[in-house]
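Here it is: the structure, laid out below.
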């Protein structure tokens, strides 16, 4: 072994002597539980895909290491009218193939993102028009005043018009068979700090540093290898055995093992995702319950009883191994609009819970079926099992139906007709703002106006709808925050939802690797440093 | 008369080669005892188990992940410790083995009934019927049982609504594992039937007009039961493993009524975190059960095949 | 001969048709693929539109005929999840599975046959009994448990061997191989042992049983009576006669290896077809699942046919009886 090192060193020395200054090649290898399904930034609205491709493509604005919006391909911007934003584009930016980045690319990208096959239509629809002023200025028009437009721009990743048209990929890669050969699905050309060398779907993706990157970055990495590893045990084993530099997520119960093992450590932080329970409060009779002719969840006392039956500290301690932050709110502290004084969870008090159930007319409890995913959130199924056991103690018999996410979402979401009575869901507001929670989870279901689409239990209070509309267009921060607070106070009093906790980000890294663990669980290559 | 026959049967058994071979084979004796203990303790789990792991009002999340009682942080209430939900491992093993054994036995019986019937028909009828059945058998034999079981389970998952599927999944599993195992029985029975069919006593029975069904039942069936029992024993071991594997892949019985395979899958998530008892004990139980049954099958095969003695 | 071949071909065709029908109808009912293709924010109308575009609203028969027609020319459609042709994905993954299966088969034969011969010859020896008992452990431990324990011991505790993937592979254009790099070969060790163990036991027990059977036959007894040395009798006469059924079974078992690779591949994150299949089940990626099953069936049919034809060529008795 020693000898081989010697030879290697000698060859390396020879190489250095022969060639000009050589940068030490640092390769960073990491694994994630899911796969990178496509290289097309408009193909799928999914956190991991967008987070990964954000290293290859960039938006007009970027997230920094704390999820604050900072200038990206736009150097600066101003609101010239409530619905019109002027963006001054960065000059001298090159795409990976050497093309210049100009205003035409911005307009092209928006058209592609809102066009046929795109899964970014919802986001792109927040823009009504993109007007090219000159090569380095665009004016973006929104359908209504939108104080948080830039949060959406982070994930509208800019593509090269010339390259896309030359390669016949003016439309996004969609699932339909007719544009299967979409060039952008397996090839990329962004402005980001890394370019893709090779992409084998579901096997391996390799990235290398883009020397012409406009920005400066901390990273000293020149090559990055990504492998999807689905099994948690395999992932952890690969880290411990020294084959990888980063794996995520790591099961919370394995933290101890990583702390004990040599050369690796767990890296934890609070994620911006809130896990909560929802109850069907819309139907007159529950779909899955032994109570016929009425809906127990319409009675606030039943919802309160549920709230007091849950021991969030026990879930934190035993299921999450101390790694969760119990929550009284539907948003995490990192999210704009968070109110610390409302964040205290409902008190754990089974005796009170029983009293409330008796008062509501269910002294012996009742039966209800709970829907739960088993491969979506950190220990999701185990949380549900703990909830079932806690509710059993106050007399409510819960029949648990835990399923893989594809089947679970197919059943409980709008496409499945909200086919659930009681469910567990997690939510990260994509815009990092409370408004997203109000419009998606708290407003009454309204299919025509596409509101409250993820309010699966149809918790409905016209006052909240009203507040939501105001929050959406109020541009004064202080007034806006007061509106958010008013809304959350009503929600809390009415026990519209049962927030559980913010789940932890749980990564495992090799010692000697520095990186930034962003609260949306994305890996920004710009902060990866190997010592 | 009846009693006399019984006595002679018992006497005949006690005097048989099988019994002598059994008596003189300690491995076989131990295997049988172990198998019986496992079967009985799981069959009477509701009476014997320290805790009913399915009664949620009974378990407390604060008791979760306790090590076995002889270890430092152990709790005397839980001999083998508790799992991530606070369930007593020993009890979950007893209940889990019950599910595993029910699936195992039921699928073996299912295979056996299908296999013997088709084998008898095939061997006795011959001709096109025989050719057809054996061709189907060939085709099926070329597909591994696990793949067939995956297929059937997948179909069931698609057809039945999720909640219903959870309730009937155990029957689906029995069917899936059972249907993939009939071929061996059919082939063996067919072979013996072909031999017996041409023997004089059967020919004679035919000539005097005894119905084929009676001939099959009275004369041919008893002669093929020996090899069938050997296959059945080994098949039981395979069925239990197949069930565990399917449950490990997540397509077996639901976690609310865990089998040994499900328990191992759940425990596997805790193997690196040092909570080895959650997976090791169910794993050991599965190994011991399957090993005992396999040893028994092995001995039975040798005992039945005088050539090997 | 021609009519025999023709019959076999017809039978194979029926098998393939049935499998295709089962594969297709099975996956027609598993989950809603649309949910897996789009993000959470996609509206109902967009979903419906996509459904129409993919032909998921067409009648069952129309969908099946379209599927079967395309499958014949190797077109299994586009993966819902990855949006690339399934045939390309399979071509990419097949080398991984075949190399793993090949190494495992070799391992099983190289270890299984000598052990089988030994245990047959020294039937009552202590070592034989130990080997036989160990082999029972081999069939009594589920594959997934063996894999996990191997990873735990050789990967995590000792840190000797890679625990996942294929290591560095060399792309030969039509085939990617792990045989040419050190990390590729090291990566093969644990998965191939895991996959081989069951077959190894099977072959060992088969060889032992066949040997015992052959050793009792008259010609071996006769050879012994002639005073031929034991070694010559055992290896020239007995083993030779044993190997025909062994090789046949091994051939047939090659198919099983490929199917059982599903478990091994998912434990070791081996980027082969089995892992792709399990992943596809989770993603409800119907084209991949259907293609995998049809392909596996095709393997089996071909292997069976080759074995049948060989038998036919070797065993003259079959020629007279194949009419029945």
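Letters A, B and C mark the chains in the order given here, with residues in each chain numbered from 1 onward.
One rule holds in what follows: contacts are C-beta pairs under 8 Å (C-beta built on N, C-alpha and C of every residue); 3 or more make two chains touch, one makes a residue touch a chain.
Treat the numbers as computed from the prediction; the structure is a model and nothing was measured.
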Query raised in the report: A-C versus B-C: which has more C-beta pairs touching?
Result: A-C
**Report entry** Centrality ranking, top chain (CA atoms only)
**Finding:** C
Report task. Round to the nearest whole Å and give the separation of the Cα centres of chain A and chain B. Result -> 46
Report summary line: For the pair chain B and chain C, the C-alpha centroid-to-centroid distance in angstrom is 24
Query raised in the report: Distance from the CA centroid of chain A to that of chain C, rounded to the nearest Å?
Result: 39
Requested in this report: Scan chain C for residues touching two or more other chains and write them down.
Outcome: 31, 148, 152, 156, 266
Query - Interface hub residues of chain A, defined as touching at least two other chains - result: 233, 237, 240, 404, 407
Requested in this report: Provide the list of chain B residues touching at least two other chains, using ranges where the numbers run on.
Outcome: 268, 271-272
Query raised in the report: Which residues of chain A touch chain B in their complex?
Result: 232-233, 236-237, 240, 251, 253-257, 288, 311, 314-315, 318-319, 369, 381-382, 385-386, 388-390, 392-393, 398, 400-404, 407, 411
Query raised in the report: Mind pulling up the chain C residues that touch chain B in the complex?
Result: 11, 15, 22, 25-31, 136-137, 139-145, 148, 152, 156, 212-213, 216, 252, 255-256, 259-260, 262-263, 266, 278, 281, 293, 296-297, 300-301, 303-304, 324
Query raised in the report: In the complex formed with chain C, which residues of chain A make contact?
Result: 35, 37-38, 43-46, 119, 121-123, 173-178, 180, 182, 185-186, 200-204, 227, 229-231, 233-234, 237-238, 240-243, 261, 375, 404, 406-407, 409-410, 413-416, 447, 450, 453-454
Query raised in the report: Which residues of chain B touch chain A in the complex?
Result: 56-57, 59-62, 64-65, 84-86, 162-163, 166, 250, 254-256, 268-275
Report summary line: Residue set of chain C touching chain A in the complex reads 31-32, 34-44, 46-47, 50, 53-54, 77-85, 89, 92-93, 148, 151-152, 155-156, 159, 161-165, 266-269, 271, 276, 279, 282-284
